[in-house]
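The same chain A turns up in both complexes below, where it pairs with chain B and then with chain C.
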Partner chain A sequence: MPQQTETEYKEILRQYLENQSEQNLYMGEAFSRKLIEKDISPEEVISIHKSALKDVLPGLPSKVWHSFDFLIEMMIRYGLALKEHQSLVKRQEEMQLEMEVASKVQETLLKTKIPVVEGMDLGYVTVPSRTMSGDYIYFVGNDMDEAGVAVADVMGKGIPAALCMSMVKFGMDSVQHSSEGPSGVLSVINRIVEKSVNDSMFVTMMYGRYDAKSSTFSYASAGHEPALHYVASENRFVELDAKGLLLGVSPDARYEEGSVALERGDFIAIMTDGVTEARTPEGFVEKDTILEIISSVKDRPAQEMAEHVFAELDRMQGFRLQDDFSLVILKKE
Partner chain B sequence: MGYRSSVDIHTEWDIVAARQLGRNEAKKVGFGTVDQARITTAISELARNIYLYAGAGKIEIERLNENDLFGIAIIASDEGPGIPDVRKVMEDGYSTSGGLGAGMPGVKRLMDDFRVDTEKGKGTKITAVKWLR
Partner chain C sequence: MNLQVDLNREDSVQHFKVIGEIDAFTAPALREKLAEHPVEKGMKAEIDLSDVEYMDSTGLGVFVGYFKQVKETGGQVKITGLSPRLKRLFDITGLNEVMDIEEHKDDKGGLNDATV
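Entry: the complex of A and B
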């Protein structure tokens, strides 16, 4: 231990013993910061104290000196606990950094382009509750008269969900044509997920396809949250659900397909349970409340609608999402 | 090779005897109070592991003198089940430690050199060395 540290400590201690002023204590506090910076362990501090005291108050009885040795013994494990803590903090910082890099990689992986289709307005929001997301939104389209939209939700959160989700992404890459029917798309993805993801992982997914020529929206669901169809002429919401097993449960799962005709002003909302199971300190947000929020902005462009619903639900949850949040609005102009 | 002496570990009280031996030898080498306390804490930890996980074994203490360097070696050996995953045992925050700063990483921190030889079903030998500065 550096001689200088001991000399400084002795001086501060001597002054304190003489005056016992707050100023002396403040100097002591400042000095302890220096000791921590120099990585001097608690047991060493007591050893410094003991040898300083030997100079300042030499005449103490021998039992007092022995008591310091006892105190040193007491402090060894505190020193070890401190070191362990420091090393765990460092490891956590490294992991945090890795997570940030991983989330950037995921962002790139998840990039999707909204297709431009005559007479249809598309908008979406997807926000992870932690660094990594287990939700997935992907668009397919020919930029003419067809668009496909996939919304998937991996149960669970964080890294495991994100890894599993990249499987869905690679599956979707094989679905290049927007003319592919919803139940066919789900069958393909199901086989991929079933092969490559372990049994404890479950994925729900909805795939919808809009055909501008006939103004119809067809859809299939793998155990996913029902979509909502806002029927403008009747000013009401209709749930769109179709039978189908979660992805990855059975390789032979079949997916029922449904379809609806869209009129001007109608829109479809596809979401994950981060929307429908939003929680506030008072409990779940009522379904009616969510419908009210959505219909309050029904005349705005699709992107603004999605952003508004997110902002409202985020605010209601105290800006701390409980689950990954994803919402797609597909609106007939 | 320097002077070597040993204590057999069968009961919890043998841990005290091992500490005593270690402290005496550390004093003879010339270690100060803080390092004596570190060396005996390392002995406690290793002896306790023998007592808890192997049932029986021994702690040997050796005074070292290499060139101009003086030091002390603790050799903890047993014929217990062996350590299945040494890497895991050396991780901070694993099992016995749980934030108490103990366990193998603790012993490694208290000493300068640390070495584990273990074989499943045959036993474990841990050598930890501290040098006088």
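Entry: the complex of A and C
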């Protein structure tokens, strides 16, 4: 124990015993911060107190001194708990750092480019609720007359979800240049995911492909939230149902394929459950409310539409996303 | 958030009654409870969710995992008492096609009953 610390403490204690003023208390508090910085344990503090008191108030009964020894014993556990806490904080900081690096890796991994296709306007928003996202959006296309869009939601969040998602990404890359339709694409990815995930993990995914030559959108779903087709001529939404089991549950799952023709002003909205299961303090956001929000911006460009829906739902949830949020708008110009 | 799971066995069917919300916080407890009763060859498990108002994808993951284990041994999982909201979750995910799903008694029996 540095002599100086003891001397300083003794002085502060002496002053306090004489005056008992706020000022003295404040000095004590400031001093305790210094002790923490110097990593001095609780039992050492009592030991400092004891030896300071011997000088400041000599002649106390011996039982009082014994009581300090007893208190020092009592505080040893606290000292250990404090040490443990400090090492946990340090480890947490290290993990936080690793998380940030991982999140950067994920960002690079998930980079995707909106394909340019004649007569089609694409926009999307994807926002993680925590550092690592469990949602995944990936575009493929030949930059001429075809565009494919994959929207996936990996169960859970954080690192396990991110690792699982990289499998989906590599699966997508492997089918990018094949002639597989949406149903075939999901079958391939299902087999990859099923082989590699643990029992309680799964992925929901919607894969859609727009063909500019015929203005049709074909799609298949693996347990994913149905996409919405806005039919401009009738001013209404139609759910694009397509039966299909979650990815990763059964190796021989089959995926139904559907297809719709898009007219001018029609659009397709593909989302994850962060959109449909948005919760406010008053309860779930009703589906009709979500449709109203989308409708209110139906004449704007796809990217603005997606951003507006996100901003509205984020506001309704008090700017605290409960779940990763992803929305893709594919609009026929 | 609390989650309660009651177990009882009746005519070789293992019943689980789940009460509460199933989310990322309570899912581990549910998984443990289900694991308390070891999966036996050809076992029949029935899980009553009539007192579950909310379940997120983590909760669904617990049932998917349990279903896989039971199926592997040639057994069956039946899920009963689903609220319309939960029913929709099982429908969308396609789990209604591989598990035996039953809606809440009050909602049952309509012409539009979509259970396959």
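Simple rule for what comes next: the second predicted complex is superposed on the first by the 330 of 333 C-alpha atoms of A that agree within 3 Å, B and C clash if a C-alpha of one lies under 4 Å from a C-alpha of the other, contacts with A are read in each partner's own complex, and residues count from 1 in each chain.
Everything that follows uses one rule, which is that a contact is a pair of C-beta atoms (placed from the backbone, for glycine too) under 8 Å apart; a residue touches a chain by one contact, two chains touch by 3 or more.
Predicted model, so just to flag it, every value in this text is computed and none were measured.
*Asks:* What's your read, chain B or chain C touching more residues of chain A?
*Replies:* C
*Asks:* For A:Lys243, decide between first (touching chain B), second (touching chain C), both and neither.
*Replies:* Second partner only, chain C.
*Asks:* Per the contact definition in the header, classify A:Glu277: touching chain B only (first), chain C only (second), both, or neither.
*Replies:* It touches chain C, and chain B stays clear.
*Asks:* Once the shared chain is lined up, is A:Met201 touching chain B (first), chain C (second), both, or neither of them?
*Replies:* second
*Asks:* Looking at the overlay, what does A:Glu225 touch: chain B (first), chain C (second), both, or neither?
*Replies:* Only chain C; A:Glu225 stays clear of chain B.
*Asks:* In the overlaid three-chain picture, which partner chain does A:Arg77 touch, first (chain B) or second (chain C), both, or neither?
*Replies:* first
*Asks:* Quick one: classify A:Glu44 as touching chain B (first), chain C (second), both or neither.
*Replies:* first
*Asks:* Who does A:Met155 touch here: chain B (first), chain C (second), both, or neither?
*Replies:* A:Met155 sits against chain C, while chain B stays out of touch.
*Asks:* Find the residues of chain A that appear in the contact set with chain B and again in the contact set with chain C.
*Replies:* Residues common to the chain A contacts of chain C and of chain B do not exist here, since the sets are disjoint.
*Asks:* Taking the touch rule as given, give the residues of chain A at its contact with chain C in the complex, in rising order.
*Replies:* 153, 155-157, 198-202, 204, 222-226, 243-246, 249-250, 253, 273, 277, 323
*Asks:* Inside the complex, what are the residues of chain C that reach chain A?
*Replies:* Residue list for chain C touching chain A: 24, 31, 56-58, 60-62, 64-69, 92-95, 97-98.
*Asks:* Using the touch definition from the top, list the residues of chain A that touch chain B in their complex.
*Replies:* Spelled out, the residues of chain A in touch with chain B are 43-44, 47, 50, 69, 72-73, 76-85, 87-88, 91.
*Asks:* Applying the document's contact rule, which stretches of chain B touch chain A when the two form their complex?
*Replies:* These residues of chain B touch chain A: 32-34, 37-38, 40-41, 92-93, 97, 99-102, 105-106, 109-110.
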